[in-house]
Each structure stands twice: as structure tokens, then as C-alpha cells.
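Look for subunit A in each of the two complexes below; its partner is subunit B in the first and subunit C in the second.
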Partner chain A sequence: MSPRPGVVLEVDRSTPPTLFWHGEGFRLEKLPVGSRIVYAPEPVSPLANPDSAIRQALENPLGDSAPLSSLLRPEMKLTIAFDDVSLPLPPMRAPDVRQRVIEAVLQMAAEKGVDDVQLIAALALHRRMTDDELRHILGERVFNAFAPYGLLRQHDAEDPSNLVHLGFTDEGEDVEINKRAAESDLLIYVNINLVAMDGGHKSVATGLSSYKSLKHHHNVRTMQHSRSFMDMHHSELHTSNWRMGKVIADAGVKVFQIETTLNTDTFPEQFRFLQRREWEWALADRAGFFASSRALERTPPGLARKIFHSIKAPHCLASVQAGEVGPVHARTLEHVHRQQLVTVEGQSDILTMGLPFISPYNVNSIMNPILVACLGLGYFFNLYRGRPLVREGGVVIMSHPTPWAFNPVHHPSYIDFFEQVLAETTDMFEIESKYETTFATDPWYIHLYRTGHAYHGVHPFYMWYWCAHALSHLSRVIVVGGERAAVRRLGFSPASTFSDALEMAEDAVGRNPSITHIHTPPLLIADVQ
Partner chain B sequence: MKALVFERQLARFAASRLVSDLSGSGRGVGVGPLELLEVEPPELPGPGWVRLEPRLAGICGSDIATLDGRSSRYFEDVVSLPFVPGHEIVADVRGGPKDGERVVLEPVLSCTVRGFEPPCDPCRRGERGRCERISFGALAPGLQTGYCADTGGGWSGGLVAHESQLLAIPEEMSDEAAVMIEPTACAIHAALRSERAQAGRVLVLGAGTLGLLTIAALRSAVSPSLLVAVAKHPEQRRWAKRLGADYVVAPAEAVRATRRLTGSLALPVDGSVIARVTGGLDVVYDCVGSHSSLASALSVVRPGGEIVLVGMPGPVKVDLAPLWQREIALRGAYAYGTEQTATGPRRTFELAAELVATAGLEELVSSTYPLERYEEAIAHAAAAGRRGAVKVVFDLRRRGDRRLGGEKENR
Partner chain C sequence: MSRSAARELALFLLRAPTRPAGVEAPRLKSRTGVEYPTEWARRYAVRLARAMVLDDVTLPLVTAAARPAFYGRDALERLEGPVIVAANHASHLDTAILLASLPPKRRHHTVVAAAADYFFDRHWKAALSAFSLGAIPMERVKVNRRSADAAAALIEEGWSLIIFPEGGRSPHGWGQEFKGGAAYLAKRCQVPVAPVHLRGTRAILPKVPEPARSRFRPGKTAVRFGELLWPSEEEDARRFAARIEAAVALLADEAEGDWWTARLRAGRAETPSLRGPAVSPWRRAWSLPASADPSRRPSGRPEGSAATAWDEG
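Take a look at the complex of A and B:
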């Protein structure tokens, strides 16, 4: 039986309460009659034999690319770059799809006698991963074969000796990427396209670049003109990356792109109710929900966080394609859309969302208030194609505890950004002009980024800019159940209950507003007609 | 006349200390050695002395420390009991050729006041705060009016003062402004104590009266390139910003803010916490004077930098290893005298009067109390920051005898 497509449910009197994620917990909320709930399509069927599919993709590349085996030769310099721990969410059960692909590539390289092989984690300005995280992504065999010999590296965007400036785009954007990658005879990029935003030229042009390069597209203007990030044809972020991709290709960097998509089988058996539509909950789902909720109510937040971050998703490989970047990515997007696209008729006055415990930037860490804002307004708001789910001047209501809490090892500059910059202003352009350079060049943040497990000093700015489109579009953002001081520091309005939030929203959108709830995760893209 | 008298009563002294320990600063006054008594006005010690009738008299942090029983035993030899506290005084002269003149008192009891001729070296240079003879001469020991058995103090219906201690105040200046001149003079003197502060990066720890005035003094007299204030309470934060701080941060954020604002590295190296910065600020003005404030100052000052102790310290236990290893200078800043300015030497009180007028510092007087309600007044002053207040003063004016400035909240 083929998986069911996504659906838009109109709430009536018989509709059961709707599950909202609420950080490391859940809330059941009764949406007003007439509200719409957008549900993701069910997970597509996985590839029956993923290893065989991977080999097939490598040998039958798309676009203007020869089969991988014919690109490999003994004396060549080969670099394999791969996406970091920010993908997929939650992290997938072993073996990770990157392990499968890289093992296949290495097998092929070994058969062809390639000796000079390095692996590079494409961190961009993300934190360095721990050995355990790398082991999980690459598997023990690959890790043990490369890491002890210094052949498994994590891209260092602040190491001038290992960056090379390849030139400028037509728009005058610097293109500076990892030197080893640029000077290799072949650069193989192994990606996971969890959402439509990932992949394509963004993989190399962003993942292996420096602040000098990134700042050309990670800025307020670009973010405001990316409508949405999930629709590359209307995303200035992607347009800039594609320009950079051309410069990279023109500089002679030969990229063999391997993109994968996963199905949306997101939660293990004990959390299976999270994957189901509430009116279809079986007794076991209801029991699972109540048992989990009760247990979480009595669990200290730190422990609850540990429990949730230990979840390994049963994601399965849904597609793999390899070859030239453009054609590969076009095929990848078809697969992402097949899995995630849901047609929605028109916009609403209010968009509601429940925010989970995890975002790309707090794997094994704390979802601090800036990441809450980014997940809600940067990611979930942008899960659309065409037009946003909420009308201009509308309201977003999101549910999350939003604790005033930070991981000082992962997010040191976030603390300063929140406590000092946002205390002064929430205005994006003022923040960008007044503070960004100082944070980006701060030697302490650079030290922690290079030697510890810290996000780059400029990263909280990007998370804030990520909200730019939403904040210029909306008249109000309300957070249900959030720590009030933290919510206010973000410039949002705190509400104790969902009904309070609806009442507050009426000030902006009037009485009897139309409401849409985006029921995610699992992930979806609303194709708003 | 009525006067609040601080007497040598060890049992009450101990009780006050105990209650303030248990219930909070300023709460032990009712059981302590301070009592409202009917007393005779002090005798005029000799020629050149006049009687003063206080109009307003401030409650200072050092007064509260004394009443709490927390001040250092160092002061035992430089005060004489019983004394009437109160050294922030605006008063009317009573008797003599200056009868009726409104004056502010410069309370240091230095050589001239004590009848020494020639004066000691510091006094000859105009550095009255450094006088070497504050326990000698014609008066009982006492570093200032308000701590001397012979002079009386501001928390009373009358005291005596030497003509050299008086600064006439202009007609247009309100009593509330005038009562701020003495603490402002302390702040100006402190601000000018460090040459490193000029165009340097400075931090003011504490935003009580002295901290806020130090911010104002730094902004007006020193012009640091960066002025950071550490303030605990919302009203203090508002004032710190208004008086010229570039950044105002909470105490818990001080080290982190310093690191960011100075572009310094920090320790420990893994960044799991930020205990102290490796670079830091040129000068830290410690306007609290506690062991924790001194420790905070040491964690944010740069190698070769300077800490100026503005708030009155007591016995403190602090790790001085960073002071040694980073060659940090620790400097006291007490009282006032004469300051070197671009236009030559000026009396600190004159500079203070100008700053009070230009910066509108009279607004820092938050509440006034009659002498009879001294317990409430002192409790209020001790909790001023938490209660949204800055300076609490005793109002000793007769009804209908207020000059300019209007009446503040009179409790």
C-alpha cells in the first residue's frame, strides 16, 4: 500500500485535541472549530537495498559527469566532504546514510588504488563535532581508518592556511573555501537533503567556506528576500550560493555531488503517536502519549533533554543521486517534494506551531531562546512554497518552554548576543551594522570555535537574521508556555495558555480569525496556492 | 535640640550586628547604639568656628556600615564617641557675620580645622583627605564631622563647623542639589585618582549613590573611551545609563560583558564558564568595597591595570594572586581636597557643585524623612537599590522653610 499523502484537516466539534510539541514535552490543545491542521505525508517507502542503490547512483551519474569509478586514479588527491551533525533530525539510527555512501566511495577508491584520501566535515561556522558524533555519522570502520592518522578533518573556517580565495561572483561576492577541498583532483560531497533548503551548490559554497564568503548571503537583506528558504527559485540565499558554485566550477574545482533523501519516519516505536494523526490514535498511541507526558512532567528538564537527545530516528534512505551538482539537486528536490509537499489553499490570519526539543543547532545541547526563535520563525515559518501559511500582518503562535538557558560550550557567543545585544535592540539592521563584525572577529569566540565545540561567534546573528522574513511579514509573535523574561527579550509576547494567546492575537488580526496549525515534525512543505 | 547619638554601648552594638546579619542591613538600628536624644548643642571650639543648623543631611553607605556594626576596627582610633552621625550636610549658618548664609559642609577635620599651624604636608598641598593629624589637636579624634564627639553631626538640630569647612551655595541651587555635593566630591576625587582612566576602558562596580556619581564624574571629568556600569536593580540601571554609562550589565554578566567589550580571551580555556578575562579593563572603580566586589574587580581588570577602591571597605578576604601575577595596582580613593584640572588646582567641592548643577543630580534624592523616623529612614537607605531609591536624606527644615527644588516624597 502506498503511503498516504499529506492532508489539511478542518477542525470540527468531533476533532480530538491536537498535539503540540512543547520542547521536551507535549501539549494537547483544542483548536477552534474551523481551524485547519496541516499534516505531513506518511513516510515514503524506503529503498529496498540502499547499498546497491548507492552503488548504482555512483556508477550512473546525472548530468555531465562520468561514473565515479572512471574519475578515480591511483595518484590523485581525493577529498570527501560530508554534512555535519546538524542533519538529520533527530540523528538517524546506525548506520547513518553518510556512512553507507562514504564506505561505498572508499571501497571504489581502494579498488582504483587511490591513496591520498581525506575526509572533511563540512562545518561552515557550526561547532566541531565530538569523536562520538563523528563515529556515529561515519561508522567505526571509517572513523578508525582515518581519524588516528589526521585524515579526518573538520573544516576550520578560521584557518587562513587552509583556505583559498577562488575569486568573486558577478555580484562581487568573495568565494573562499577549504584549500584541501579546492586543490583536490576530485571533491566528493556527501549530503543529506532533510529539507528542500539543503544541498545543491550550498553544500560546498556554504559548508566549506569562511565568514568572508558566508557573509554575502547570510545577512539580513538576503534573508528577507528568501521567500522561502525551501524554494530555491525564490530564495536569494540560494541564488547567491549558485553564483558561488559557478565560481568554484570555473576555478577548476571538480565536484562530484552525492545527495540523499530520507523518508519522514522520524520517531521510534515508543513515540510512534507523534507520527500519527490524532483522530487515528489507537489505544496504544493514547497510552503512549499519556505515559510519556506523565513521566516527562516528573522528569527534571536536564534529564528530559538527555532522554530526547538520545532518540535515534528510524529514518530510511528514500533516494540517492550522484553526479553534476545542478541535475543531482533537481532530482533530489523531486524526491523531497514527493515526501514532504502538502497542498494548502490560501493563507490564514494565525499560524500555530509546536516547537520540539531539537533544531539543527542544538543536537546534544540546549535549545536556547535564540534557537527557539530560529526554529519557529526561520524554519517552520519558511516551510512553504508559494506564499507563507500566514498572511502578511498575521500572527504566529508557537509553543515552547523557551528557557533562559544556554550551553556555554556550544553557544558562548549566543549568551552575549542574548544578554547584551538583544538587551539593547532587536532591530536586525542595527544589530548587523553595530555588532556583527565585533562578534565575528572576536578572538575568544574564534579560539573556542577552533579548539572546542563552539559555534562561531557570528552564528547567533545568523540565527536571528534567519527570522528576518517572518518578522517583517508578521505583526506579532506569541509564545505559549515560555519563560516570560526570555520571550520578552526576543521581542515576542508571552502567553500562559493557548486560549490566552488566541485572545492576544485578536488585537492584531481581529475577532474570529482563520487559523492554520502546522503539525510538524515530521517535516512537511506547505504548497500554498 | 534633638539629635541622633551614637554611643559606646557594646551590648547594643552587638545586638545591632546580630539583627543586621539576620534581617538585613539597616534593620538593626532599633536595637543598636543609635538613639534619638534631647541634647545640648555642641560648644564652639574656638575662634573661626560657627554654628550650623542642618536643612538636609544625607545617609551615606559608611553611616549604614557603622550602624550595622560592620565598619573596620581601623576606625576606632580616628573617631570619638559619642558622636552624632551625618556628614552630607546642607545647613544655615547661625550667628556671626555669615548668619543666615546657606552652606555645604566639607566634613574632613584636617589640620586647619584642628588648629595646626603649620599644617601637615598633605594639608599644605590641599589634600585634606590625607591629613596626618585627624586624631590630634584641638578636637577629639574624628576623621570627619559626623564621627567626632566635639563637632556634632548632620543628623541633629545643630552642629559646629570651622569656617574653612564651609562652601557657600548659590541662591538658585536647591537644598536637594546641595546635599549631593559632598558625595559628588567623593566621586570626582575617585574618578580623578587614576590617570589610566583618561581615554581608557573603565568599569564601575556598584550603582548605589557613590557608583552612580562616579559614573557621572567619569563622564564629565575624565572621558574614558568605554564606560561600563554594573548595576543590580532596574532603577540603578536606568540612572547608570542616563549618567553616561555606555553599557550597563547585571553583576552576573560583568565578566562576560568585559570579555566581549574588550575583545579579550578568558579562562578557563575551554569556555565552559568564564571565570576571568586575560585582558580586560584599564581601571575598575569598586564602589561597593566588599570581598566579592574586589574579587570581581580582579577578574576583569587587565594586566597592569588599576582598581580604585571607592566604596568603604572593611576586612575582606580575597585572593591576591592575580594582583601579584598581573601587576595590578590597588588604590584607595577617600574624600576630597584639591584636584589638578586643566585650568589649575580646584577645590573638589567646587567641581562637585558644578557637576551637581549640570548633571541634575538633585534628582538622585529619592526620599526625605524627619529625624523622628530614623529607623525607617535608615532601613530605606540600606535597601535603596532594591526599593528603587538612590539617596535618602533627613529633612530637618522647619515647615515652610524649604528653599527651591520643591519637596520630595516626604515620608
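Take a look at the complex of A and C:
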């Protein structure tokens, strides 16, 4: 049976309560009659023979690119860059799709006798991964063949000796990327396109670049004009990256892009109810929900976090395409859209969402308040094509415990951003002009980024800018069940219960508002007509 | 004598006197490394205890985890007198598996050459190695006659010797150059060398350089004994060492394929080197045979059994 498409359900009296994620837990909430719930399409069927599909994609590239095997020669310098731990979410069960692809590429390189090969994790300003994380992404065979010899690197955006400035775009944007990648005879980029925002020229132009380059598209103005990030044709972020991609190509950097999509099979069997529609919950699903939600209520937050972060998603390879960046990404987007698009008629006054335990920036870590804001307003709000799910001046109600808690190893600059900057102002432009450079050039944050496992000093700013479009669009943001002080620090309103939140929202949108609930994960893109 | 006086006397007798602050303490001579005395481990009572531990605990455990298959042991069974067993080395399991492969009588009259800087650097490690395996310290970092003399004396007493001519476990799975120790001792004592190839031990317990991590995974192993190699008058130790390495390489070729093909290749002087191809580190690691590579992903479904992205496209 082929997977069912997404559906927009109108809540009536007989609609069972709806599942809301709430950090490391979940709740059932009764939505008012007449509300809409957007359900994601069911996961598409995986490729039956992924290894064979990968080999075929490498040998039958799209666009103006020769088969990979004909691009490899013994004396060449080959660099393979790959997406970091922020993809996919949750991390997938071994073997990771990057492992499969990189093993296939290396097999060809070995057959062709290519000696000079390096692997680079395209971190941009993300934290360096641990050996265990790298081993999970690449598999032991690749890790053991490269890491002990210093041939597996993590991109360092603060190492001037390993960066090269390739020029400026027509708009005067600096294009500075990893030197080894730029000077290689062939740069192979292996990506995972979990959402429509990923991939394309963004892979190299962002993943392998420096702060000097990133600040041209990671800023308040660009973020406000990206409507949405999931629609590259209306995203200033993507337009800037595409301009940079042209400069990279004009500078002679030969990129062979390998893009993959995964199906949205997000949770293992014991949590299967999380991706089933509530009215279809069987006895096992209801029992699973009851047992796990009761157990989680009694579990200390740290332990609950550990349990959730140990989840490995049963994602499977849904498509793989390789070759020239443009045509490859166009094909990839077709696959993403086929899997995630749900048509929704019109906007509503209120958009509700339950935020889960994980975002791209807290894998194996704590979801701090800034990341809560980013996940809700940066990611979930932007899961649309056309128009936002909520009207201008509308309200977003999100559910998350929003603890005033940070991982000091991963997010040191977030702590200072929250304690010092947001305590003073939440205004994006003021924050950008007054504080960004100080944090971005702080030697201690740079040291922690380069030598530890810390996100770059400027990263919390980007997470805050990520909310720019939503915050300029909405009149109010309400967080249900969040730690009050933390929610207020973000400039949002805390509410104890969902019905309290709906009452509070009436101040902004009037009585009897229209409500849409985005039921994700699994991921979806609302195609708002 | 009162009770307190008796106590004081006992303390006086049992406690060592304290040293005055102005008197320099004599430096205790280290008796670890190549200096470590192992004679005690060859006394009859200790050999008996070792035999019981080896036969009843160590070897059954190792055999269960490594499931070794033995080939070509008949050459060894026909031999009277000591022999030098020279094998490739990729795992800590190698010694125990070699001991398991020897006939019981010879096993209990065998010493193992072990790295003085690794197995004999602490007293407890030295004692444990000497007791559990009958290890003797072998210098591998610098030239030292003492360890060679001690080993030669034991061979002349009738002890067989297990030695790994590579000098240590392979960090990458490929063999390393055979050093001359085994060949020198064989020539000096005029005893034969039994070349042995061990297959699969690295996949169970590898030595891997940082930051990779060793993991123990039970699996299957194969132990192949070759024809005994006798030292000849006109051949120096270095050439004899090369002959031993070639014999082990032939056994390795046989282990990956079959006896006849390996012989045909040997006839054409095309036996693959134990040391792997002379290419970049990653390609050497990549081209390891699966039996030496603990990190191989099991292959998935059979080829061409299903639709692919390209077909869908």
C-alpha cells in the first residue's frame, strides 16, 4: 500500500485529543471544535537497495557532470565534505546514509588509486563533533582508515591558514571557504536533505565558510526577507548562497554534489504512536503513550534527556542524486516536496505547535531557551511555502518546558547572550549592531570553538535572527508550560495551560479565533494557498 | 614481661627503623623491563599452576571467543626438541591462540617472547605475564644482548619459543617488517622455525591507533602452520628472517584463497606482501582484507534486487 498523503483535519466533537510534544515528553490537548490539524504525509517507501542506488547515482550524474569514476585519477587531490551531526534529526540508525555514500565514493577512489584524499566535516560555526559522533556518521571502517592519520578533519572557520578568499559576489559579499576544499582537484559534498532548506549551494557556501562570509546572509535583514527558508525561490538566505556558489564555481572549484533524502520514518517501534494519527491509535499505541508519558513525568529531566537523545531514528534512504549542484538540488527538492508537502487552505489567527526535545543545534545536548525560540519560530513557523500558516498579526502558541538550562560545553556563548544581551533588549537590530561583533571576535569563544566542542561565539545571535521573520509577522508568542522567567526573558508570554494560552491570545486576535495546529514531527511543509 | 612491653618489643622487631632526614635513601634498583627475573615462573610448582590456568581457564575462554581452526600442525607434531614459532601479530589474542594450537606437552614447555617495555614495565604486569603465559622479556627498543642470551639459554635447555618477529601488534592490520630476532636465535641454537599465519584475530580484538577505539567482538580465526624452516650455513640472519616472512606471506595468501592458487602465485614470485600495498595510509587501511578489518559493514541485499533512485528519476 502506498503511503498516504498529508491531511488537514477539522476538529469536531468526536476528534480525540491531539498529541503535543513538550520537550522530553508529550501531552494530549483538546483543541477547540473547528480548529485545523495539519498531519504530515506518511513516510515514503525506502529504496530497496540503497548501496546499488548510490553507485548508480554516482555513475549517472545529473547536469553537466561526468560519471564520478571518470573524474578520479591517481595523482589528484580529492576532498570529501559531509554534513555534520545537526542532520538528520533524530540521528539515524547505523549505517548512516553518509557512511553508505562515502564508502561508495572511497571504493571508487581506491580502485582508481587516488592517494591524496581528505574528509572534512562541514561544520561552519557549529560545534566540533566527538569521535563517537563521527564514528556514527561515517562508520568505523571510514573512521579507522582516516582519523588516525589526520585525514579526517573538522572544518575550522577560525583558522586563517586553512581558509581562502575566493572573491566577492555581485552584491559585494565575501566568499571565503576551506582552503583544502577550494584547492582540491575535486570537492565531493555528501549531504542529507532532511528539509527543503538544506543542500544546494548552501552546502559548500555555508558549511565550509567562515564568519566573514556567513555574516552576509546570516543577519537580521536576510532572515526577515526569507519567506520562507523552506522555499529557496523566496529565501534571501538561499539567494545569497547561490550568488556565493557562482563565485565558488567561477574560482575553479569543481564540486560534485551528492544529495540524499530520507523518508520521514522518525521514531522507533516503541514510540510509533508519535507519528500515528490519534484516531488510529491501537491499544498498543495508547498503552505506549500512557506508559511513556507517566514514566517521563517521574523521570529526572537529565535522565529523560539522555533517554530521548539515545533514540536513533529508523530513517531510510528515499533518494540519492549526484552531479552538478543546480540540477541535483532541483531533483532533491522534488523528492522532499513529494514527501513533505501538505496543501492547506488559507491562514489562521493562531498557530499551535508542540516542540520536541531536539533541534539541529542540541543533538546530545540541552535545548536551551534560545534554541526553543529558534525551533518554534525559526523552523516550525517556517515550515510553509507560499504564506505562513498564521496570518500577519496572529499568535503562535508553542508547548515546551523551556528550562533556564544550558550546556556550558556546547553553548558557552549562549549563556552570556541570554544573561547579558537578552536581559537588556530583544530587539534584533539593536542586538546585531551593538553586540554581534564583540561575541563573534571574542578570543575565549573562538578558543572554545576551535579546541573544544563549543558553538561559535556568534551562533546564539544567528539563532535569534532565525526568529526575525516570525517575530516581525506575529503580534504575540505564548509558551505553554515553560519556565516563566526564561520565557519572559525571550520576550514571550508564559501560560500554565493550553486553555489559558488560548484566552491570552484573544487579546491579540479577538474571540473565536481560527486555530491551526502543525502536527510535527514527522516533518511537513504546509503549502498554504 | 608486661603486656605493653611485649607489644613494644613486637613493634620494634616488626617495624623497619625510620631513616634520619639527613641520610639519603639508597635508590632501589628497578627490576622491571628486560631485567625482570622470570626463573621463578619456570619452577615446577608454578608450571603446574600455569598449566591448570591455561588449560582450564584461559584457553577455553579464548577458544570460545575466537573459534580457531588449525591447519598444518602435523609438521610440528613430528618434531622432537625445541622449535621457534614465528607468527604475524595483530592482536593480544595471538599468543593465547598460538599456545592453544600447540600439542599439550610442548605447550607446557614453551616460553613466549614478550615486549620488555610493554609487558614488563610494571611489577604486577611482569609477574602476571610471566605466570600466565610463561613470558620472558625481550628488548625491542634498543639493541640488548641480555634478552637474546636469556632466550638462547632457554632454547638450549629444551624450551620452545613463541616469538612475533614484527616486534609488536600491527596498528593498521597490515604486516610489518620481520625483525631478525627469530632468525638469529634459530641460527645460534640450530633449531627450526615454524612459520605461522594467524587470520582473523584483529577483527576480534584489534590494536588501533588513537583516536580509533579497540572493541572486543567474538569471531572466527584460522591458524596455519607452514613447513619447518631450518637455518642454513650460508644464509645470514637477515636473509633467514626474510625467508620466514615470505613463508608467513605464503600462508596468508593461502588463508585468503586456497593452497594451490597460493602456490602458483609463489611459483611466479607474485605472493602479495604481508605489508600491503605501498600507497597512502587511507588506501592501505581501505584495502585490508575483511578478515583483518573489524569495521566492515555487512553487505546488504543482493545486487539489482530492487528499484533505485535512478530508476525512479
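Please note the rule applied: the second predicted complex is superposed on the first by the 529 of 529 C-alpha atoms of A that agree within 3 Å, B and C clash if a C-alpha of one lies under 4 Å from a C-alpha of the other, contacts with A are read in each partner's own complex, and residues count from 1 in each chain.
Here, a contact is a pair of C-beta atoms (placed from the backbone, for glycine too) under 8 Å apart; a residue touches a chain by one contact, two chains touch by 3 or more.
As the structure is a prediction and not an experimental result, all values here were calculated from the model.
Engineer: Of the two partner chains, subunit B (first) and subunit C (second), which one does A:Glu419 touch, if any: first, second, both, or neither?
Structural biologist: first
Engineer: After lining up the shared chain so the two structures overlap, which partner does A:Thr438 touch, if you call subunit B first and subunit C second: first, second, both or neither?
Structural biologist: first
Engineer: Is A:Asn263 contacted by the first partner subunit B, the second partner subunit C, both or neither?
Structural biologist: In the superposed model, A:Asn263 contacts neither subunit B nor subunit C.
Engineer: With both complexes overlaid on chain A, does A:Thr332 touch subunit B (first), subunit C (second), both or neither?
Structural biologist: Neither partner.
Engineer: Contact-wise, after the overlay, does A:Val320 reach subunit B, subunit C, both or neither (first, second, both, neither)?
Structural biologist: Touch status of A:Val320: second partner only.
Engineer: A:Gly452 contacts which: subunit B (first), subunit C (second), both, neither?
Structural biologist: Only subunit B; A:Gly452 stays clear of subunit C.
Engineer: Output check: A:Asn49 vs subunit B and subunit C. Expected answer is one of first, second, both, neither. What do you get?
Structural biologist: Second partner only.
Engineer: I want to verify the contact counts: of subunit B and subunit C, which reaches more residues of subunit A?
Structural biologist: Touched residues of subunit A are more numerous for C.
Engineer: Spell out the residues on subunit A that touch subunit B in their complex, using ranges where they run on.
Structural biologist: 408-409, 412, 415-416, 419-420, 438-439, 442-444, 447-448, 451-452, 454
Engineer: Residues of subunit B touching subunit A in their complex?
Structural biologist: These residues of subunit B touch subunit A: 247, 249, 253, 256-257, 259-260, 263-266, 269-274.
Engineer: What part of subunit A is in contact with subunit C in the complex they form?
Structural biologist: For this pair, the touching residues of subunit A are 47-53, 56-57, 60, 95, 99, 103, 106-107, 110, 113-117, 131, 135, 139-141, 143-149, 151, 319-321, 331.
Engineer: Hey, which residues of subunit C end up touching subunit A in the complex?
Structural biologist: Answer in residue numbers: 171-172, 208-213, 279-283, 285-287, 293-297, 299-301, 303-310, 312-313.
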